[in-house]
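To start, I am sharing the structure in question, which I have written as structure tokens.
So that you can tell them apart, the chains are marked A, B, C and D in the order they are listed, and the count of residues begins at 1 in each.
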Amino acid sequence: MRMLTWKYASPQYFYPLAGKMIPWFAALAVLFGVSGLWLGFFVAPTDAQQGEGYRIIFIHVGASWMSMFIYLVMAFWASIGLSFNTRLSSMMASALAPTGAMFAFLSLWTGALWGKPMWGTWWVWDARLTSELILLFLYLGFIALQAAIDEPRRADKAGAILALVGVVNVPIIYFSVKWWNTLHQGASVSLTQAPSMAKTMLLGMLMMALCFWMYSIAVALARVRAIMLERERNSEWVTQLKEVQS
Amino acid sequence: MLTATHLACVRGDRRLFAGLGFTLEAGAWIYLTGENGSGKTSLLRILVGLSPPEAGEILWQGTPITSLGDDYRKAVTYLGHHNALKEELTASENLCMGAALAGIVLEKSEATKMLAEVGLAGREELPVRFLSQGQKRRVALARLLWSKSPLWVLDEPFVALDAAAVLWLAETLAEHLAAGGMAILTSHQEVAIAGSTMQTLRLAA
Amino acid sequence: MNAFSVLSAVVQRDLLVALRRKSEVLTTLFFFVIVVSLFPLGIGPEMDLLRKIAPGVLWVAALLATMLSLNRLFAADHADGTLEQMALAPVPLGLLVTGKVVAHWLVSGLPLVLIAPLLGLQFDLAPRALTVLMISLLLGTPLLSLIGAIGAALTLGVRGGGVLVSLLTLPLYIPALIFGAGAVEADISGLGAAGHLSLLAALLALAAFFAPWATTAALRIALE
Amino acid sequence: MNWNSPAEFFAMGGYGFYVWGSFGVTTLALLIEPLLIGKRQSEAVKSLQRELSAKERSQ
């Protein structure tokens, strides 16, 4: 088992494995996506208070979850890469960052589109939205730092430290923003606390979240493959690849 | 005794060297040569523990330097390309501060004496930015006089030095080796150190 | 020679260097003063409004001024080889880093704390609010130095490091900003600043423990 | 069934702009990202092929 793990922890063996895994995760993403959309648009009833506008939550909640979850996963891989010096884990962290940033952006975008009809304003300085914005900044910082460092190993390690510092800080930031929000009696936006959350609504949300999850895995695997080719272009195994040989 | 086995170094896409090994005994020194860009400085930085090697291991008295930590750092004095001098501080302040980092208390009178020995008598109270390149290098080399480390790792120590200073450095090195010390140095000019065992290590570009 | 004397040697050296190159110290201070003074010009001279925005303005300006000074925290030491010598010194690098951060605070943080009440007067803050402002900055500016050191170490010798360091550290500064400016606001509105100040102190304690560690790790990477 | 006609479906009870603005941009983002990655992958492969053929020619 140990040998097996080690084997697939090297880019050479992981590259074809990832290639085989991508279609499966993509298919799962489509499956969950279609069923989530069907539940969200055709099964879930109209909300008594928010009308049809509430249907935005089907993607908003999933995107917010993914943006936070991906940051944790990214920090996890980065720290593994830092402590065990495994190249693949660090590459995985770099591959996850753009997708996480995209979900953070989507969460903000859908939040704003929800807020306009419900609150009459595109942006409220609500604790969650503000934290999400800061999370987006953290992602952008990570991506910018890695892009600015030419030596890949140094970029990996520096990014890992930043991700770890970020992970320690996210709860502190969230707590402080919440504290600030209650002190200023600001608006509290809650998309999820609809008075009567129908079971079908919850299920639709869950399906969409699963769709995003599977999508993220597929996309991260695809990106990590590209990163492997870029980074390992002098290795023997890369030049032996079928797609390179042809 | 310093032992290196199967050292490899990669910079960017380039493999600078691989499978490099040597043993350095007390009282001996290594003359490290090679063309520009062959990895001399990289090797020295690996040997002192600043950067980890891509592969291989370095043993100090039989123990890997990674597990020795501060004990190894105490045993090494390193002088890189840069002089590690603060332009705003005087020569003697620089010398005392450098010693303080290594945990050695240096009195001002001692610093003055050491600076006089490297030929900077009367200039010890001048901010370093007023000194010439060669004089700055001599201030940097004066650290060898307070160093209690058995292993000296010097990157191009002779650069910018005049004939008198070169002679002084060769003598200082000879004394250090005679007392059972070790040294590794790179140089573009021929170096002769009286009564010592020399190993030449050539890095191919 | 114990750890404390090594630490104080680093502080002493950095202070001496700063003392001989006064312009850099004064730049940070002037930047702070100018930024704060610009706000009334941009917003208008109504005292009610100014009193209201004073805590935020002063704190944001302090953040930016600290940011400006971060670039030279390790850059000079990196360029002249001193940082290498520090990394090779037979004492924990974290200790030396702490010394550098202490010196940085004394040079760029403490002057801000001392001049802040004077700027607060421009915004018509009450004497008690001024005291709270000073205390909040006294607790907050070391926090800014500690967190900023991580960013400075990560961007050491990196292309466009100056802009990058703000992108990395400003999000991390948000809790300090919220509790710092919040303390003054709470005092003005009669809620009492104790809660904010104790949270700020807690953050400072946390950062004092963790930040040097992260900074050390980042520096070792930069030196590889 | 929530909708009586396609028009009603697209109107989303007056929230059409907001709902479709959210879903549209999300879909777009989820489609563009894989395309960008595909481009990155093929560029990496192409540059590898170029390197390889340059090496073969020089031998």
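Operating definition for what follows: a contact is a pair of C-beta atoms (placed from the backbone, for glycine too) under 8 Å apart; a residue touches a chain by one contact, two chains touch by 3 or more.
Keep in mind it's a predicted model, so treat the numbers as computed, not measured.
Taking the CA centroid of chain A as reference, the farthest chain centroid is that of B. In terms of their C-alpha centroids, the spacing between chain A and chain D amounts to 16 Å.
Mean C-alpha position of chain C lies 43 Å from that of chain D. Averaged C-alpha coordinates put the centre of chain B at 36 Å from the centre of chain C. Once the centre of each chain is set as its mean CA position, chain A and chain B turn out to be 49 Å apart. Among the residues of chain C, those in touch with two or more other chains are 224.
Contacting chain pairs in the structure are A-B, A-C, A-D, B-C. Interface residues of chain A facing chain B in the complex, by the touch rule stated above, are 150-151, 233-234.
Interface of chain A with chain D (complex): residues 41-42, 44-46, 51-53, 55-56, 59-60, 63, 98-99, 102, 105-106, 109-110, 113-114, 116-117, 215, 218-219, 222-223, 225-226, 229-230, 233, 238-239, 241, 243-245. Residues of chain C touching chain B in their complex: 1, 5-6, 9-10, 12-13, 16-17, 20-21, 79-82, 84-92, 96, 223-224. Taken together, the chain C residues at the contact with chain A in this complex read 150, 154-155, 158-161, 164, 167-168, 170-172, 174-175, 178-179, 182, 185-186, 191, 199, 203, 206, 210, 214, 217-218, 221-222, 224.
By the touch criterion stated above, chain B contacts chain A in their complex at residues 11-13.
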